[in-house]
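By letter and in written order, the chains are A, B, C, D, E and F; residue numbering begins at 1 in each of them.
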Amino acid sequence: MDMLELVRLNLLSPIILAFVLGIVATLVRSDLKFPEPLYTALSIYLLLAIGLKGGAALSETSLAALGGPALATLGLGIAVPLWSYAIVRRVGRMSVADAAALAAHYGSVSVVTFIAALSFLDAARIGHEGFLPTLVALLEVPAIIVALLLARLRGGAGRGSWGTVLHEVLAGRSILLLLGGLVIGAASGTAGLARVAPFFVAPFQGALVLFLLEMGMVAARRFRDLRTAGAFLLAFGVGMPLLHGVLGVWLGSVAGLSLGGSTVLGVMAASASYIAAPAAVRIALPEANPGYYLTAALAITFPFNLTVGIPVYFAVAQWMHAGGTG
Amino acid sequence: MDMLELVRLNLLSPIILAFVLGIVATLVRSDLKFPEPLYTALSIYLLLAIGLKGGAALSETSLAALGGPALATLGLGIAVPLWSYAIVRRVGRMSVADAAALAAHYGSVSVVTFIAALSFLDAARIGHEGFLPTLVALLEVPAIIVALLLARLRGGAGRGSWGTVLHEVLAGRSILLLLGGLVIGAASGTAGLARVAPFFVAPFQGALVLFLLEMGMVAARRFRDLRTAGAFLLAFGVGMPLLHGVLGVWLGSVAGLSLGGSTVLGVMAASASYIAAPAAVRIALPEANPGYYLTAALAITFPFNLTVGIPVYFAVAQWMHAGGTG
Amino acid sequence: MDMLELVRLNLLSPIILAFVLGIVATLVRSDLKFPEPLYTALSIYLLLAIGLKGGAALSETSLAALGGPALATLGLGIAVPLWSYAIVRRVGRMSVADAAALAAHYGSVSVVTFIAALSFLDAARIGHEGFLPTLVALLEVPAIIVALLLARLRGGAGRGSWGTVLHEVLAGRSILLLLGGLVIGAASGTAGLARVAPFFVAPFQGALVLFLLEMGMVAARRFRDLRTAGAFLLAFGVGMPLLHGVLGVWLGSVAGLSLGGSTVLGVMAASASYIAAPAAVRIALPEANPGYYLTAALAITFPFNLTVGIPVYFAVAQWMHAGGTG
Amino acid sequence: MITVALKKVTIIAEAVLEPRLIREIRALGATGYTVSEVRGEGSRGVRASDWEGDNVKVETLVGAGTADRILEHVAATCFEHYAVIAWVTDVQVVRGDKYLNPSDREPS
Amino acid sequence: MITVALKKVTIIAEAVLEPRLIREIRALGATGYTVSEVRGEGSRGVRASDWEGDNVKVETLVGAGTADRILEHVAATCFEHYAVIAWVTDVQVVRGDKYLNPSDREPS
Amino acid sequence: MITVALKKVTIIAEAVLEPRLIREIRALGATGYTVSEVRGEGSRGVRASDWEGDNVKVETLVGAGTADRILEHVAATCFEHYAVIAWVTDVQVVRGDKYLNPSDREPS
């Protein structure tokens, strides 16, 4: 498949169209509102489902196969925030707190973007390693800690003991559900997963449609902040994912991941967290402006990855894997 | 199948029984309460699901086949509110605002009644055109606009610029989700639908059971208003659906719809809106009494159509289609 | 299968692991919170689903087969609160109100424990009678009435006319949904159930995972009350289920239930209500301390039955059925 | 704007008490009430139920006499065994006389 | 703690009115508002819709002049046809001057 | 009805602050608190998160001294970086003395 066909395939998938519908709903000021409990219920469901599937796959994976990719993931989690911080400080000329905040978001990972990548691969009938959700759990936390450390070292962090902050990140609901799902999936194995599959596996894509409808509304509500965000943030929000996406794909290939797996690692690196990171940053770095970090992660990078990024990283992966299935 | 058998088949379906259970719950003053977010979640789900299915069907329909039925539907949407208004004014001797309000409700369509009709046909193993949800989208809006126009012309409309009112109707969540679903379904086609079918298609009937349980409770809470509603409203709430149902079935047959399709157009015409219309009317016609229009739509016409109306319109359609499957 | 293998099979099932995850979430003070509407939605779903399945089975059961087990169940519902009351008064030396409250809880039944037992049997591939949910409906109410009567006779009941109390119990949402589901299931039969099965049957186990995650959090929030509960309550919360479990299994076998059915009757007898009973007791016996009855039912007996009790009662049933499938 | 001085009685209580409280405050002369779901903690560690959506806040605008009767009643019947807190605030109500019942009107 | 005496205007209304109320109170000079979902009963038996999440409570902290304008406006445009109740409470607000608009500042 | 005059401190803040606020107001002497979910808009366009259930309203009934300490603390630690508004209302509380802590009792 050529690039355009890939983009088309992606754009016409129900989940992307639902995301667009959510944007439209906000732009036409529809009275459509997602009750907050529905949003929370869907996010609990998605995180747990991803964990369960990954865990069941893990129960059949040799730890050896996991080693390389896990190291690559941890490396990304530590290195990405370092240069992200430097770029925001030097090029963007933003404050220490804002730079650290952006570094935390772009070094961590967006679970929904990850899921969208799996969904894209499924539609294109490209296989991938079952243990990838484990990598998500590995990538979520380190960047946040590195970025907050950076802020402390540079004198930009105002409040919160390390204990509070670590607790916030490690006991946060997204890590808890993802890890919890992984453990449950690994412990109860594929037989256990089979029993809950009609709830956690089969309807997953459809539930994702609802979730992305809401995500579209949330992202669109941030669009008006784009005006004040400035050119640097726009460039950052598109440029960093491209950089990290290619890097992630490359690292994945080197670490022995398949075509699909490398694509996903690229997507993970390219994505910016908007669940774990914002909560931690808001508590530990209150002087950082959410108008920058949330807007960049949610209104720029997330839609970019969802629509254009995922097929691009896949094309890069195809190219690196020297003609994969294309 | 004869009439009685049809009614029995309908009354013993899980969704109708759930509706009755909801009524019972209210009458025995049970502490069963549907959390509002659950109601909203279910209605988002039902509207989107109907749209997606209709859209996927649309992607395989020639526009020619849609033309006749679409015209018939639009015709109903414009004509029904005109005579409904006249009847309420002349026979019912109600105020301009109340007449226009009732006209808006009975000219528009109840999505849940529509869904119940599809469900009835499924149980009776009668096929129907896949594009019917498109007709629902077409029928929802015109009557509301015609009725509000009538009220303005007769000096009965108090408040709200046309802009606000049109916006309320066109960007209202039921139209947005229905149309949005249609577009997503049409764009992603049957392949796209297949991916989300385990969420939006297979569990649909069951979700409807939950929804009708809540509808039963809501309708029953209006029952005490029936005493003050008076004989005219009772007659109107049963007579209009019968009139519109037969008319709809006939128009559908003339426009080339199948036995199932004509039945559904009859049900659509017979049904009274209680989502889009009440919201618009409450804003644009505050002097109209919700104790009349909501009670008629919800506590009289909705239960009537659900239990007796649907099989009756089907029997009429069988008769018109000269011995259909009976 | 030997005892240890049974316990292991049970402990590694996704629902038990989810319960443990919920406990962990509370203990590490995670910010994971279940929105209250999600909890309510899941409990409506589970009760209705259980009722529907039981009702459909009932439509194919001869009343004769139901007679013995129904009598056994009613007997448990009347006798269990009597001796529970006596034990709490004599051995525990608690007040009349507290004794009656505990009697109401342990004489009634926990629907979730019942469901977990069915799930255990499914995993172990042991069949059971389809009408068991009917027995749950029979067991839920009598004990509450007996216990409140006891309290009145002993002068311990403060408030609430009998009318209010009976209404609270009989029109409570758990009885209404269970009975309602049974009637709908029985009236629409297996054909009706088949239409809603992709919603109410297939995803059931998965929905249960979510529910038990929340139950784990709720139970763990009560753990700190354990310190004040004292040794008697601990012994009561473990001893009574064992006693009632063995008794229930035995009664079930005598009444002609299968290996699976006897196990389930044992689990029902062993379980302590924490939905219907607490609500009724709080209204009718305000002087009873929820720190005793809720803590015992929720933080002691429920986890005990879920993890250890169910396999134990099954082993007892195997032994009584003289070598069953083991 | 001409307003009427009324009392706003606020009662926060376990959700299980809601139907009873509403019945009783209406019987004591309130012409209406507003309820919302809240959660909280106080002196009582134990809670009646973890499922009843925690606490409810019941607010009612009434005349001074009715306010007094409601508070007396709540204090007498709820404080001992239930988790309840109740207070009064002075408020100025638009078209406030429609929320007064006859007994409130006389004394003033 | 130095606080500023302001008025808290509370409006409880059918949910369908929310967008309009918010638009109008901002136009009348409120610098902010807070909304929550409530339910209730009053003199009006009938309700506009059973789906709109019942009622909303809109609260806004404003100067006395703005409070008056808001109440006048609500009384004039909402009371006849909608289920609405509105009142004012005296409050002491931290850094309260930032919630005053110019018109409120002048008279004091 | 004999009631005690207390202060009701109301704080509306981003939901992310809830655990911290509750910890701190208890440490400053409040014997209890009530929380509800609200949403709103103020001077700050940007919001910390669109997922945290918007804002929370924290209410606590306390003596005048405690009220002052809480407001001082909130003003000093939250106003600069967070979306927060806080105010005090005079209320009459049934059995109000149980909500006073020793420091509130002395001065009176």
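Criterion: contacts are C-beta pairs under 8 Å (C-beta built on N, C-alpha and C of every residue); 3 or more make two chains touch, one makes a residue touch a chain.
A quick note: this is a predicted structure, and the numbers were derived from the prediction, not measured.
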item	value
Co-neighbours of subunit B and subunit A - touch as defined	C
Mean-CA-position distance for subunit E and subunit B (Å)	36
Whole-Å gap between the CA centroids of subunit B and subunit F	48
Centre-of-Cα separation between subunit F and subunit C, whole angstrom	41
Centre distance in Å when subunit D and subunit F are each reduced to the mean of their C-alpha atoms	21
Sequence positions of subunit D contacting 2 or more other chains	36-37, 89-90
Subunit C residues counted as touching two or more neighbouring chains	31, 35-37, 40-41, 198, 203, 279
All chain pairs that touch each other	A-B, A-C, A-F, B-C, B-E, C-D, D-E, D-F, E-F
Touching residues (chain side subunit A, partner subunit B) in the complex	12-14, 17-18, 21, 24-25, 28-38, 41, 122-123, 198, 202-207, 209-210, 213
Subunit E-facing residues of subunit F, complex	12, 36-43, 55, 57, 68, 71-72, 74-75, 79, 85-90
List of subunit F residues in touch with subunit A within their complex	14, 16, 20, 37, 45-54, 77, 80-82
Subunit E residues within the subunit F interface of the complex	1, 3, 6, 8, 31-36, 61, 89-96, 98-99
Contact set on subunit B toward subunit E in their complex	36, 39, 43, 158-159, 218, 221-222, 225, 274-275, 278-279, 282-283, 286-287, 289-291, 294, 298
